[in-house]
Every structure is written in structure tokens, then in C-alpha cells.
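Letters A, B, C, D and E mark the chains as written, and numbering starts fresh at 1 in each.
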Amino acid sequence: MGAVNAAAAPSPDPVALDAHLVVEAGDFSLDLELGCAVGVTALLGPNGSGKTTALTALAGLRRPRAGHVRVADAPEPEWLDLDRGVDLPADRRSVGLVLAEPLLFPHLDLVENVAFGPRSRGMPRRAARARASLELERVGLGDLARRRPGGLSSGQAQRAALARALATDPALLLLDEPLSALDPQTRSATRADLARRLREFAGVTLLVTHDPVDALTMADRLVFLDGGRVTQDGTPADVVAHPRTAYAAQVVGLNLLAGTVRSGPPVVVAVDGAGAEVVTAEEPGGLADGSRALATVDPAAVSVHRERPAGSPRNVWPVVVTEVTMAGQRARVGLDGPVPLVAEITAGSVAELGVVAGTRLWASVKATEVRVQPG
Amino acid sequence: MSTRGRGGRVPLLVPAGLALTLVALPMLALLLRVDWAELPTHLSRPVVGQSLRLSAVTTSATMVVVWLLGTPLAWVLARSDHRLTTWVRALVTVPLVLPPVVGGVALLMTYGRRGVVGGWLEQATGLTVPFTTVAVVLAEIFVALPFYVITVEGAMRGLDRRYDQLAATLGAGPLRTFTRVALPMVLPGVAAGSALAWARALGEFGATITFAGSFPGRTQTAPLGVYAALEQDPQAAIALSLVMLLVAVVVLGALRSRWVP
Amino acid sequence: GPATGGTSGGGSGSGAPTSDGLTVLAASSLTDVLEEVADLVRAEHPDLRVDLGFAASSTIVQQVGQGAPADVVVLAGPEPLAMLDPDLVRGDPVVVATNTLALAVPAGPGSDPGAGPVASVEDLARDGIRLVVCRPEAPCGRAAQTLLTDLGLAPRIASYEPDARATLTKVELGEADAGLVWGTDVLAADGAVRAVPLPEGAEVVNDYPLAVVSDDPAAAWFVEAVTSEDGRKVLADAGFGLP
Amino acid sequence: MSTRGRGGRVPLLVPAGLALTLVALPMLALLLRVDWAELPTHLSRPVVGQSLRLSAVTTSATMVVVWLLGTPLAWVLARSDHRLTTWVRALVTVPLVLPPVVGGVALLMTYGRRGVVGGWLEQATGLTVPFTTVAVVLAEIFVALPFYVITVEGAMRGLDRRYDQLAATLGAGPLRTFTRVALPMVLPGVAAGSALAWARALGEFGATITFAGSFPGRTQTAPLGVYAALEQDPQAAIALSLVMLLVAVVVLGALRSRWVP
Amino acid sequence: MGAVNAAAAPSPDPVALDAHLVVEAGDFSLDLELGCAVGVTALLGPNGSGKTTALTALAGLRRPRAGHVRVADAPEPEWLDLDRGVDLPADRRSVGLVLAEPLLFPHLDLVENVAFGPRSRGMPRRAARARASLELERVGLGDLARRRPGGLSSGQAQRAALARALATDPALLLLDEPLSALDPQTRSATRADLARRLREFAGVTLLVTHDPVDALTMADRLVFLDGGRVTQDGTPADVVAHPRTAYAAQVVGLNLLAGTVRSGPPVVVAVDGAGAEVVTAEEPGGLADGSRALATVDPAAVSVHRERPAGSPRNVWPVVVTEVTMAGQRARVGLDGPVPLVAEITAGSVAELGVVAGTRLWASVKATEVRVQPG
């Protein structure tokens, strides 16, 4: 690791990528500070939150308005420092880029595709081809080396794209939704290969994804973006336990309600915007009256009823169905009411209750099913 | 086409058939008027061989220039988003809709003895351009280059920019990206553009006769040969026309599916 | 009028012969004079529409043979006349004028005879001289060939132009150093070119025969005009010889 | 284009600039050689007005025929999957790559006095076609129709067939589907095809001079006028060329984005 | 209802559509007999099973090799009878067609789009426009009547396509995956409108869909196709209780294992192909030894473990993970082993067990969780 970096990184995980990017694109502006250690950092966020923008700026394909990029392990570690007029073109940065589509060069066979990078960086033909063959072996495509991309399945093509990106030994690997264009079955198989290959990779990986499976199974750290700004940054376990935005909660499959504490007992959270209150079973101890809080509810803990339920649940609201999706025998039902909720019910209930969008129902949540964290 | 509803199509089939006749009948008539028995004799007239040879030489020279200069221009146009690009593209396109005779006049104003470049060129080197084979090539380039550039640029613009970007992240500079990625990927477009440009150069008449005149063996290309022979030796003109028709059909055969925009 | 629109038999009907217009196709050297002759016809027949077209004689013969509408053709020499389809010709052709070949050079700034690279016929043989002539199938081209053979010269030819006027233009524009055209063309150029004197006895003289190629009565009116005193004066003023 | 890597692009910019020069310089030279003070005088010469008027008349007639006959042909080609369709399409395309002079010869062989149709036509009706304004229109149709048909057919083939099928389920027969659904949906293609065909007809020279000759006011269209004027009155030729250049630029302006295939 | 039909239909639900279609398309052949009453029949089946082929043949857009189509309520009820040379072109059949994409005529505004059908069938302009306005009102687009399709959201466009198809009062309404191109939220809202409008429609509706929500919430009857042949035909309740093919089981979210009974106790099903046996808790009474049976297992009843479980489950198999998908806090895990299974587990378990494709696990199912039906 370079001297520049050793000095700049007092943390136990040395900072291998140190970037600050200020990018303007039309109405949109991105302002992102990122310090990453070797390993996989997932970048998550709603559509248009600036994930792709950040990646292209790091790769040198888009010019930021201000900022800097330093990558300790790269042959030229100083990639961008606009104050000092440094701005390496993409072909002199040491990045590997994989997009949703494989975009293999269609006129080259797989070995030539993967050898393109080493050749471009001056490696002799034989050495480049040997290196390419090795990379193809590593992603399980050794026997397809002489095939043209046209003859590959989408999963094979995407693995070849990964091999191509890694064949130049990049200091920074950028993956922009690398599995999103694959059909579900192929996606699982390819994810397994990707996860294995990433564990062997000794550089910094930035993985953009919308898929919770990717985030939970491959990343060491999750960074959430929204509107070009970081909204949450933590380990997968952190985020599952304490999602801080609706998007993060959705990724981990929870309902998130932000509001103000009215200390109890019972502790109540007055949900922002809505007139509704959520009754909890929390101890009043930890939560000061008037403090901000985030309440989370598991969709499976939301019950729906045709008539207003009479029983024990403390939280009961009239709702309208906005959406029904099914996965196996369970349906996820979007509900609009005093608070927006997602409920998970059985397929049987869907038919029985006649749940289609527009149906009016009652939703209930037991106080014991509500988790609260300071917000 | 399924036969159902064929009846309802008659109002369309009649004008369509008429349109087809207007285009196809003359070509058929040309074939009918060929004196097949005497064809070898007519094909051996000097005007035939001489003008075809000259057409082969000049269109070959034209294509070399078109490839070497037109391909980089197409790439620069395809990848530039400078606000001037639109204007440059429009400028390059003008000869497509400019009457060739006007092109010939313009070339005369440029390379003629009293032309913008021609006068200076003659003083400096003693070379004059009009009425030479070079003039024929310049006329052919003027009319053919736009066809090539527009076709190839279209293909190159259709090329996903992310291929260039990926090549850059893999360490390829602009020149390597152009030669190793962009060009190989648009080869079908290059083929189509080349065939179009070549056909246009081969058929060029107005600009050539205006700017290069009609000198057998020097500036009298095949179309000018047909025109000259028509008065003197109509059967030679028909024979030469037949050869050109054949060439046109072969070119189209080679283009086939790639033709339609 | 010409044999279009089924009116070619118009003259054979009862009553006074009528015309639907006069079309004359003539060798390009006659461009300006025949416009004046046409004015004579127009003066006699104010309602008559008179159209004139000028091209190389060989072109005229080929076009009339393919059905180009015309009532009268005036050609530069007996050879193109001989090529004309005899079925089309009404009556006997008449020669209406003669012309001689001339060597034209650009007038140049001071109109000094020695200013340009070509000051005499002998200069044509020099290297780098650009001589333009008519293409061999045009009468002026044939005449040029005869002249050069007579003079024993084999100069390098820069271009074979379609007709005499095209040849003249190349000289006018300065694209050529010299051109072999009709003497009358040099006069018509109005000072833009000069004639370099040809050696004694080297002139090539050419006849201009006129042929009627339709039954339209207007054809006869045109023949009358061109052979009238006024018509002959117009031709003589333009430098043509009279038969 | 970002300025980064501009240095690496020089090997591309030099040939691209040369290509641009070859095409643009003559047009510039034409502008430089115009005698602007005398332009109105030159534009008032009879050859200018007469030939422009004739071009307006003949290209208008051509476009009417092209629309009425070419549009149904394009639709029939676009929607037929008969195995002959490929051949018909190829046949219609031939004039695109056939030298126009050869087209003129073919037209002479068809409508000339000794032509396949012409001889019969003269005997039956006394009408002759060559070297008349009708011949000009026939020549223009021959060269322009393929441009229109190919462009419009491309647009129509790009039209999702399911639109036709939906129209059929809604009760529309083939003619109604053509006029109310297909045609309105490809109007941009029709506009582009029309502009191309019109420009081609306007610039037509080789087929016209071969088949229709150059008779002022009757067959001498603007390009033939330029060629003729060059011999008699070069400044009038330049003035007329300028007008045609202007027309070309305006046509391109109107086409703009629709141009590129 | 026409006389033809009254005679041909002795059942209580009169047969409004009576069709037999034999279609050849390349290697594929369809042979489908269909008798439908007024109401909604859903047509389901894997990709390439012939659903679209059947619809286009019914609409007259594709010529069958043999067969007949009679639609009692149509102005000309005899649409196809190839033996007797009858084959009405599409424009004389009385069908309404809605595809996945709205395919509105882009040069016409909504009223003109919807009035196109009535106008084509000869209705005067004013009447056609009035009718079109009414149809647009019915799908909630009354105020967008003068908009061009370009300005619509995908859901609005699809509702307009429905209005256009219904404006000609078709005797047969054909819907080919009408919601599949919509994003999930729009789909729910549009489904609600579609369901409501179909309840008002007095003709026969054939609804092609892959979506269990569509099938369970809108159809009176489900017809399953595979390889151009009908594989199951019944009410939604029937199919949920007794799916007869793997595809049908998947639609209703169950694992289906076909095999042969070995009468007990305990009753065991020897699964076809695999060497595996499934132990059940069924009474031996109803199932004869050696008879065919279909066993179904709810994915939630499949447990997965890192080590071979020691406890009570009678059915334990070593498996390999093929696929992981997540919906909310639940993950569906595809498992390959002696029997192919889908298991439903929590997101927490996914992270805890490190479940990615390729992971080797043990799957267990309690005998009491296996349902058996005669196969």
C-alpha cells in the first residue's frame, strides 16, 4: 500500500479508495465522499439517486465539477484532483467496469475479449492470451475460450465480462447492477460465481444493486444514496436491524414509520405527516418525550380484515389496497391509509377477502410487533 | 401473405403494379433491344473497354480516398457532441441533394485555372486539374464521399457508446478504440456505405462531364462512354449499358438485406 | 408543329393550313443568328410560337431519329445530314450558309497577340499547351481533325467537347489555351476570345444544310425567312459565308 | 466531447478534416466566385427562369405520380411475405445504383420511336414521348421512385404488424387499414422519402439529357440549364448553381434529423 | 343466444364459444378444444405452450389447419369451419383484442382511437364518438378523451386499449397478458379497473396470463395448456386444492411431486424419476398400492439446515441451492436434490446459512405437511 495512504488512514481497515465527487448533470447534483477499504462496498438507492453517475465519475468517463480520487494500489494513485489540475483519462486509471449488459466485443472471441485489456496496456500477445485464459478458467468458462459472444447464454456472457474487467488487475472494480439483466434462475447461478470471484479479488469493489439478495450475501458494507447524498452507511446487519430510510427498509423488507415519541406507558410514535399514532410495547426508558424515532413493522405482523377487528391489537387503521404481488403462497399487499403499510398474507386470504387494488380493508398491528429506534 | 382479404387489396395492387412497371419496364426493354448475336462484337468496340477500364481505375482511386478519409470523418461526427457537429454533418450531406452538374461547376470554380485552389496550384507546381483523370476522381469523391460518411456514421452512432467507455477502462486510447473496437463492429455498415459510394461514383455523369470533360481513355468513364456512343454507335451504347446494368444488379445482390435504411 | 399530339396531319385538312408552332433544331454555332431569323418569322406570323433548340449536329440527328419533335433541322455539314433517317425528310435539303474553322485563344488582358502561350499554329505542338476541340462525331470535330492533318500537327488534345460552343466556353473560361471552333463563334464571343490567324489555304470550309422534317406549314415559312434577303443579311453579318 | 484525450485524437482529426475539405471547399469556392453585384442581372437571364420553372413543373408532376403509385407499392412490399417479394424489391432498387445515363438509354429503348412501347404508341395514337416534357417526367420518375419506395417501405416495415391486426379485429378492411392506420403512422417516413425523391428528381441530369435532350422551355430543366449556360453564359450558370445550392441546403434543413438511415 | 348453440349445449352454463383449433407453426402444433360460457376463462401455461397461437387463431389472424369456431352471440356466428370452407377474415369476426402493449394508434386521440372500431363497422361519426366517450368514461379516462396516446401513462394507455376493444361490442374478448408490461404498482391499479369492467361485460372473455393474482382474482375458470394441449381445466379453487402439473402447482405456489403410492402405514409416494420416496401422514384407506398420486408440499413447510437434522421429520434430503429470490423478509430458495423443491425461509436465515446458489444444505419436510391426491 502506498505511502500517501498509510499516512491518511489511521483506521484499522486502511482506506484503499479515497474519493470526493461533486458532479452536476442537468438538474441533478451528486456530492459523495467515499472512503473504502479492500472488499465489497454495495451502493444502493432509488432510481436516479446517482449511483451510475458516481461510478462513471470514478472511472474517468464523466468529469466532476470538483473533488478528488485517490486509489492507493493503482500504478498512478492520483486519479483526480481538480484543484491541482490532475484528471487522468479513463485509459490511464486502473479500473474494471462491469455493467448490467455484458457488452462483450462481438467481433472478438472470449480469449481476445479478455486479452483486450492486457494488450491495451502493452502486455505481449502471448502473455495477454495466457492471462485471459486463466481469467476465463476462474469464472468457469475455460472451455468456451474460442467462442464468439454471440453464442453465449446471458449468464456466461456476464461472467466473461467480469473476467475481462479483472484481467487488467484493476485497483478499483466497479459493478453497475451486474446481475439485473439476467433472468432469475441465471441470476442465482451467476451470483454464486460472482461472489466467489469477488472473495479472491484483492482490490476495492463497488457494487451497485437494487437487489437485497446481492446486498445481504455479497457486500461487507452498504452505502445508501438518495438524491446524490449518502443517507445511510453501515454493515448489512446494521441496516437490517436499523434501516434509516424508507428505501433501506424496503430493501430489507420492513415497514418504516418515522415520527416523534410521546413517552408512555405506552410509548407512542406520532407518525410524520399522517395524523396517526403507533402504539408500541417499548419500555419508556430509552426514548425521551418529543425525541425523533423510527418504528419498524414486519409485514407478516400486519393483519388485514374485512370488518374492523374487535380484539387485542392496539393499532387499527382503515386502509385501501394499492397493490398485490404474489410469491409462492404468500401475497404482499400494499395498503394506503393513515400510515402506508405493506402486509404479507396467504394466497388463500387474497381469494377469500377478494383483495384487488381498491378494496377497502382494516389493517391491525399488535403493539408488541412494533420495534422502535431513535431516529 | 395469407390469401385472406386478397380481394380487398386490389385497390392497392393496381397502383403498386403500375409503379413497378414504370421502373422495371425500361430495364426489360434494354434487355429486349440487345442484339445478343452481335453482342461480343459490340462489346469489343474500343469505347467499351476503354471507358470501363477508366471507370474501374477512377472508382478504385475514389474508394481508397473515401475509405482513408471518410472513415475517420464518420467516427469524429458520430462521437462528437460539439454544437458545430450538426453543421458539419449538414455540410457533408449537401452533395447528396445537390444536382451533380452544380457540383461540377463548383469543382471548376475550385480547381479550374482561375479557381480558388487551381490558380495557386498551377503557379506553384505547373499542374492543372480539369480535363485530367484526377478531375474525374475529384468529381467522384465529391458525389460519393457523402454517401459513405452518412451510412458509416449512422452505423457508428448506432454503436453503443458504452463499448468505447469499456475499451477506455481497459486501457485503450482513442486511436486503439477506433481501430480495434469501433471499426470492426461497424463492418457491415462500412460494406453498405462502400457499395453505395462505389455505385454512385460509377454512375457519376453530370459533375464529370462538366468538370473533367469527355476524353476517351482519360476522362471518358463508362456513363460518358454510353452518352458519346449513343450518337455514333448505338449498339455499343446498348452493350455498355447492359454491362452497367449487370454491375448494378450484382452490387444490389451483395448489399441485399443491408440495403434498406 | 412537331409530330406530337397527333397533329402531324394538320396541314392535309380542308381550308387554310394551320400550324401549332414551329420547332427548329440547329447546330450550336447557329445559336445567335437563327434567333434573329426566328424574329423574322415571328414578324410575319405574330401568333406563331417559335421554339429553337441548339446542340451538336450529331445529337440533333440522333434525337430526331428517336422521335424528338421538330419541324426543321439545320446541321453543320453533309455527314450528319447523311445520318438522318431519309423517311423523315420532306423535299430536298438546301444549304443555307457556310463557315470556316478558326483557332481561338483567350483574349487575355492587353489583347496582345503574343500574350498567351499560343500565338501561332505552330505553338500547338509545344509541350503543356492545352488544346480543346469538338468530339470527332460533331462536324466541328471532324473539321478540326482535317485541319490538324492538313497542317501535319499531332498536338495533345486536352478534351473533346460535345459541340463548338462548349469548346469555345473552355477557351473563354481560360481552362484551355486554345480551341478549334467556327470563325463565327469567335465573332459571337464578343471579344472574350481572339482568333489566331491560320496559314494560307488551311481553312476548312463547312456547309450548313437545312432539312424539313414535318408537314407543318410553318416549316416552309422558316425556309422562306432564312433564304430571304433579310435572312441572308443576318447570316452574312454574323460572319457566315453564303452559298 | 470532453476535451480529455483530445491529443490522442489527432490521427483521426487530420484525415477527417481533409475529407471535410474535399466536400466543402468546392461549395465555398462557388460562393466566392459569385459576382454578387451583378447577381440580379444574371438571375434574370431567360435560361434561369425558364429552366427553374420547368424543373418546378416536372418535379411536381413526378411527385404526384410517386405518391399515388409509390405509396401503395411500398405498402404491398412491406406487408407481403411472398417469396417473389424479395425479387420485386431488388428490381425496384436497381435504379438507385444504375448510372442515370444507362437509365436514359433504357428509357429510349422503351418509349423511343423504335422502342418496345414507343413504336406501338406512335402507331396507335401518333404520340411520341422522347425529347418532350413527358420524357423529362418519365426520367425523373425512373430515378426518384426507388428512393421514395425504399424509404417508405422501410418505415412501413418498421411499423408493428400488430397495429394492422388490431385494426382488422376492430373491423377495418385492408384499404381502410392502409389509409387510416399505416399511412398516418409513417408520415415522417413519407416526408423523408418525398424530400429524397424530390431532390433526386430535381438534380436529375444523365437520364434526362439522354432521353429528353436539352430543349429550352421544354426539356431543359435546371441542371441541364446550368450545363447549357456554362457554354454560353458562365455567370448565369453560376447564378443558377447558387439557386440550386440554396435549394439543397433548404431541403436538408427540412430533413435534418430524419435524414440519417 | 343463437339456435345453433341452444341445441349444442345441454349444460346449465350455455356454451357461448365453441371452438376446435388445430394449428401448425413450425415444429409446434396446437390442438385445442374449447367450450366457454359467458364470463372470464383464464388460459395459463408455460412460455411457448400455445396461448398466443390460440388467441390469434380465434381472432382470424392466423389460419388453423383444421377445426371450427362458433360464437353464438356474434352477428355472423359461424367464424370458421374449414370442412365447409368457412373462414371469416378478422374484420368480419366480432372480437376485441388487447395485447401486453396498448398499441394505441399514435396519430389519433383517445376518442378517435376508441371510435375507430365503431367507425370501421359503419357507425356514423357522431354516434361512434359518443360511444367512444362512454367507453372511456367506463374505464375512468373520460377527462383524457382529447389526449394523444403519447401523453399517457402505461396504465392509462392499457385501459384505453381495453375501451377500444370493447367499443365494438365484441362477442369474444381476447386479452393476451394485458397487465404483464405494466410495472407492479400500475399493474395492481389497472387490474382493479380491468376486473370491474370485465364484470360488466356480457360476452366471453379469454384471459391469457402468467400471474397467479390475475388467475385467482379475475377468472371463473382456469384452463392450463402445455405443448399445445390442455393439461388441466377447472375453477380456481379446484386448481389451488389439486394442481395437476408442476406449472399449475407453481402458479399456486406449491411443490408438486408426482409418483406411485406404496400403501402403508405410513403411506409413501415413490417420486417419478428420482430414487426418492416421500413419507406422508395420510390414511392408507383412499390410496391403493401402486396407484398414481400427486403429493403437494407448501414451501413454508420445507425447512433447510446446514447439518443433517436429527429430529422428527421423516423426509430428509441433501440438496443444492439453485436460486434465491426475496420478497420482503421472506426468501424463496430453489433446491435441487433427489426431489426438486422450493423452500420459503426468512431473510435472516439466508444471511445466517450463507444461502447462495451452489450452497449444499439439508432439506426436511414433516410427513404431516404432505398432501396427497390421486394423480
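Operating definition for what follows: a residue touches a chain if its C-beta (ideal position, glycine included) is under 8 Å from a C-beta of that chain, and two chains touch if they have at least 3 such contacts.
All figures in this text were calculated on a predicted structure; none of them were measured in a lab.
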item	value
Pair of chains joined by more contacts [C-beta pairs], C-D or B-C	C-D
Centroid-based (C-alpha) most distant chain relative to subunit E	C
Whole-Å gap separating subunit C and subunit D, where each centre is the average of the chain's CA atoms	34
Separation of subunit B from subunit E, taking each centre as the mean of its C-alpha atoms, in whole Å	56
Length of the line joining the C-alpha centres of subunit C and subunit E, rounded to whole Å	87
Multi-partner residues of subunit C (at least 2 other chains)	59, 173
Of all residues in subunit B, the ones touching two or more other chains	5, 173, 230
Multi-partner residues of subunit A (at least 2 other chains)	60, 89, 91
Partner subunit E, residues of subunit D touching it in the complex	160, 162-163, 165-173, 176, 180-181, 184-185, 187
Touching residues (chain side subunit D, partner subunit B) in the complex	1, 5, 8-9, 11-16, 18-20, 22-30, 32-33, 65, 68-73, 75-77, 79-82, 88, 90-103, 105-110, 115-117, 138, 141-142, 145-146, 149-151, 153-154, 157, 173-175, 178, 196, 199-200, 202-206, 209-210, 222-224, 226-227, 230, 237-238, 241, 244-245, 248-249, 251-253, 256, 259-261
For the subunit E and subunit D complex, residues of the former touching the latter	56, 59-61, 89-93, 95-97, 99, 101, 103, 105-108, 116-117, 120-121, 164-165, 168
Interface residues, subunit D side, partner subunit C - complex	108, 112-114, 118, 122, 125-132, 213-218, 230-232, 234
Residues of subunit C that touch subunit D when the two form their complex	3-8, 25, 28, 31, 51-53, 55, 59, 63, 65-69, 163, 165-166, 168-169, 172-173
